[in-house]
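Attaching a single structure in structure tokens format; questions to follow.
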Amino acid sequence: MHIGILTGGGDCPGLNAVIRAVTLSLINECGAKVTGIERGFLGLLTRSSRPLDTAAVAGILAEGGTILGTHNKCDPFHYFGAAGADSSAAAMDYVRELGLDALVAIGGDGTMAIAHKFEAMGLPVVGVPKTIDNDLFCTERTFGFDSAVAVVAEALDRLATTGRSHGRVMIAETMGRYAGWIALEGGMAGGAEVILIPEIPFSVEAVAERCRERAAHGLSTIISIAEGAAPEGGGLTIQRTIADSPDPLRLGGVGNWLQQQLEPLVDCEVRTTLLGHIQRGGSPTPFDRVLATRFGYHAAQLVEAGQFARMVALQGDAVVSVPISEVAGKNRLVPRDHELVRAARGIGVSLGEK
Amino acid sequence: MHIGILTGGGDCPGLNAVIRAVTLSLINECGAKVTGIERGFLGLLTRSSRPLDTAAVAGILAEGGTILGTHNKCDPFHYFGAAGADSSAAAMDYVRELGLDALVAIGGDGTMAIAHKFEAMGLPVVGVPKTIDNDLFCTERTFGFDSAVAVVAEALDRLATTGRSHGRVMIAETMGRYAGWIALEGGMAGGAEVILIPEIPFSVEAVAERCRERAAHGLSTIISIAEGAAPEGGGLTIQRTIADSPDPLRLGGVGNWLQQQLEPLVDCEVRTTLLGHIQRGGSPTPFDRVLATRFGYHAAQLVEAGQFARMVALQGDAVVSVPISEVAGKNRLVPRDHELVRAARGIGVSLGEK
Amino acid sequence: MHIGILTGGGDCPGLNAVIRAVTLSLINECGAKVTGIERGFLGLLTRSSRPLDTAAVAGILAEGGTILGTHNKCDPFHYFGAAGADSSAAAMDYVRELGLDALVAIGGDGTMAIAHKFEAMGLPVVGVPKTIDNDLFCTERTFGFDSAVAVVAEALDRLATTGRSHGRVMIAETMGRYAGWIALEGGMAGGAEVILIPEIPFSVEAVAERCRERAAHGLSTIISIAEGAAPEGGGLTIQRTIADSPDPLRLGGVGNWLQQQLEPLVDCEVRTTLLGHIQRGGSPTPFDRVLATRFGYHAAQLVEAGQFARMVALQGDAVVSVPISEVAGKNRLVPRDHELVRAARGIGVSLGEK
Amino acid sequence: MHIGILTGGGDCPGLNAVIRAVTLSLINECGAKVTGIERGFLGLLTRSSRPLDTAAVAGILAEGGTILGTHNKCDPFHYFGAAGADSSAAAMDYVRELGLDALVAIGGDGTMAIAHKFEAMGLPVVGVPKTIDNDLFCTERTFGFDSAVAVVAEALDRLATTGRSHGRVMIAETMGRYAGWIALEGGMAGGAEVILIPEIPFSVEAVAERCRERAAHGLSTIISIAEGAAPEGGGLTIQRTIADSPDPLRLGGVGNWLQQQLEPLVDCEVRTTLLGHIQRGGSPTPFDRVLATRFGYHAAQLVEAGQFARMVALQGDAVVSVPISEVAGKNRLVPRDHELVRAARGIGVSLGEK
């Protein structure tokens, strides 16, 4: 048996732990030959791959990123871009040349969609879900998310000491264009008093009111805001304001926009930090190392059992699998009455609602 | 409404996060008055308590331990020890004097059993499960466990660099007298090659064999062993060997015992580290801060709804509640065919089985 | 003896450790009464202060920020702003009302200058240097700097995994408007291949060349750039480019500017992270806790010995003191042939020189 | 030019950073060929070495331990043990066979002594000091020490939360058989109330008195004790007590011994943690990465300049060099009136003196 592995889309802590677990499980339990495809699906076109054995995956459990490299734009069916040529036949030529019996594809929504198409061309596929944003359908939690939340929480711990020392409002802008999981869990873990997520449009006045109340008691305020959060009335407001801004240097995202809106409304300094790429790099948390290992082992089990066209998933506390076709094109957003949202409201966190 | 809160048993990261969430939720949602009982049930006898309000719980989310203090031996029904006098009536006097309408008791098995008895005496109780060992019945995960696993994983990361530099076998003894969860998850997260837990008696020869195989390839070996792990034939072997040992200074636990057994069987140095108390202290991980907050909020919800004699629990991804009576006196051990045990075997980790 | 303490300027990890050490030393060694002035010199005008005793400083050693609060604009001699009124007489009234025999002022360049003027008005002063940027004259190292370097190094560790996975150039913009110490030490600790500091104007082409060389070998590049770094020809180039930019949303600082310049010159993606406020918040590193404690103890010694108008300083491995007058208005920049700069060049780091 | 590098003695965070800096500097500045000798001086006897180039040292800056391996007993002049045969001629044969022009030896006291003998046999040597204990003569600070202090400080932070929650005395036993630097700086950084070091014999009664005073105010006590600390009257007391102990399982070192002595003298629980090997493993702190890089660069400079028989050293803030002969056989102990000892006393820390 000869199995290929690739990692697609943006990098994420835990990818190496999955690569390691898939490789070791396939070798130990099936005596399989394992080959890593380099830079995601691009490697099928550039014909770049390398053998994976026990030595190749030694010591990578705790390493961030992916030893195979990744690429977040390459789709062999549209190479490159939506108007690109279909190069999938060339990719399949390389698959046949390598003699791959199946492919384990680790990636997000886009990777699963492409993997699904290769399945239809005769390449059996098992998917492993990857999304720092935790917004993939059918799985309650994905590796990398806990690591991102930990980075946000540590950053809020740091910003809080500055906020308290200066009596400031401190804004931290987190990842999350469509789903607010990182801002929500990171904000809860970091003790934010205001959490703004894409799923719940916020009122600038309500946020300002909360800051003023706290300032009146001599307290600073920490705001955790997802990059995709938007005020009532929508993102348009932000775009327009930015375009009209006389001071482009200070801008950068919704966090900076919110700072500009708040400054005239509150009687204290406001400062913004855009957390950016540090949220997706670095060593995975122990939680993510274990989850990624469980995912990788389960993927190898599916390969061994010949159960293809399925993606590994976490449901409740169990690792299961679901048809890849169910996953594609859907996002798992934060429900407005999610338990954690209610808990946030319960302990007095403002979600920016009037 | 006037609600008491206490923390019982050993300390654990996340206790303060629960105290904060219960207090804030009760104040915000019910306008309740909240009182903290100091040093667990002992405070009911020494009549030690303090008011808890928003200011009192500010900034404690990320702090380890418990601001209320705790005590791991005080049982008012047997004060002190099994032969002790029943002082529960005095405790109830203080409860009535304070005018408590209900008590939120945060603790483990023992705390739940005591709480259950007070319930029978007319004090409505809601329980919040606490156990660093993750072995409480009815709940899949408890706060503090992720923090303990993180400490173990970080320690293994450190020990591994020494092991590799010297070509040694490095043994790390973790908490877990009856259940092996910490050694298992910590070992998986820290990349241990051998994991020994109380639920699976180990063969010294099988462990030595794994170390020798690795040494033959120039590789060091990391062993994660729970304090309650024992060789086939049982703990007696260890006790006897320790009693006969000519060099008591080197002893200390099963980790040191294993070192002495392994040294003549492997052709390299063996070193042991007893991780000890650092596993239960310090700031909770972001995961534990969120879980503890969810537990605290849910406990407040139960109080508000008048649902007493119940303990908060995590089942699947949902926070639910179960009758306290179901919890007492039972331990949740690691099943020998648990998914994580199978994953460990799958990636080539030895569990010490022949 | 009655001594006042205040913290001025921006917050910095280790301020609380100094406050604790000064307070405990004065109480233990002189039996002094200690009062904390709140929010820097502003507290002398708003008449805000609080007693400091053993209990008040318990547990603050590891806490970031300052329990006394701070203010980075208040100068009682120009209240507010350069055109402001001189309120120093009112401040001295409060000093006399409190009955302060001396003041320990913890702060940077600005704080030392103001302290020096109060000295002239009859208030004996001891200064403790504080600057996250490590650019204060007469002292080789200040607390807070090691903590900032640690944050930068950890961020570079994280960015490097993303850089390697995607084959990208990753830019991290650090603090340091005038002096490049943070970018230099943080970059060296984080393994940056390019380090750009204000003291050495850089050539965009030289930076691009280094990135291209590395990309040709399949290697990503990490760039550590101080916020005050500028290309040859000066900052003007940047200002003009930003003003003409059609896409203000992407801008933000010299890091983003450099990204725009590099993108057309290198054949790979470039990403920028502005580290911002997380560099100055949070718990001090153990090194900084010890250094701050030494500084605080030495300041108390100076007070006890009646040696005023002096600032504590680190020279070699010894804590000494220098006249405050020598410090004011001077910056300690990175010499172009500093040992660490030569070491950087020696191991192949580019400083952006042609 | 062909230069060999080896690491001797116990492992230490920062060894890889030195190897990297020496290698890169020699390649960049001299175009030298560099060879790593494996497992310390043992590699000269087993004829084990590997080429070191830019690729070989990529990514090792932040890794703990040494990629070359080490051995803490091998002395080619006494192979093995003091009664062993002199194998130095065989070692020199291998040196000549490799064609080494010089050797960079990274290690402690023992490594420097051996290196010095090889120098006399005609192999030019440059030494780089390594000691986790910071007790090497002629250098004020060595890499690895800051990392060890950080581990101790973090452990004390953790133990303190348990101590406070239970009202306990918490003892942490650190490394330091002869010199107390780790216990002293780690204790100061971790806020210990009692610090016991080999250089200052302690009185059990004085320690107990401090614990009782604190307990009387409801406070717990943290004790940082070096493994080599001993009570007045010397270590004999300890050895005798241990030999007579009826409960060998609880013993293990001076920390456990102190616990047994304190328990009858204080009215609270006492718990001990032996920090052990985690103090010397794992990723070096940013401070140590920079210091190790400076040392490595300076060693390469010495090689380039033909300045042999010298050891790199840190004096004040400058990296300098000293004759290796000055270093051998001397320990740098903590002076009883060292500034940090005085600061400890000043802020009220007990050093166990009556």
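Odds and ends about this structure:
All chains are identified by letter, namely A, B, C and D, in their written order; residue positions are counted from 1 within each chain.
Quick note on the criterion: a contact is a pair of C-beta atoms (placed from the backbone, for glycine too) under 8 Å apart; a residue touches a chain by one contact, two chains touch by 3 or more.
Here the structure is a predicted model, which means the values were calculated and not measured.
Taking the definition of touch as given, a chain qualifies here only if it contacts chain B and chain D alike; none does.
Of all chains, the one whose CA centroid is most distant from that of chain B is C.
Note: centroid distance chain A to chain C, computed from Cα atoms, is 33 Å. A straight line joining the Cα centres of chain A and chain D is 41 Å long.
Along chain D, residues 154, 157 each make contact with two or more other chains. A ring topology is adopted by the chain contact network, closed into one cycle in which each chain touches exactly two others. By the touch rule above, chain B contacts chain D in their complex via residues 7, 10-11, 13, 15, 39, 63-66, 69-72, 151, 154-155, 157-162, 164-167, 170, 242, 245, 248-249, 251-253, 271-278, 280-283. Residues of chain B touching chain A in their complex: 20-21, 24-25, 28-29, 54, 58-59, 61-62, 140-141, 146, 149-150, 152-154, 157, 185-186, 188-191, 219, 285-287, 289-290, 293-294, 296-298, 300-301, 315-319, 339-340, 342-343, 346-348.
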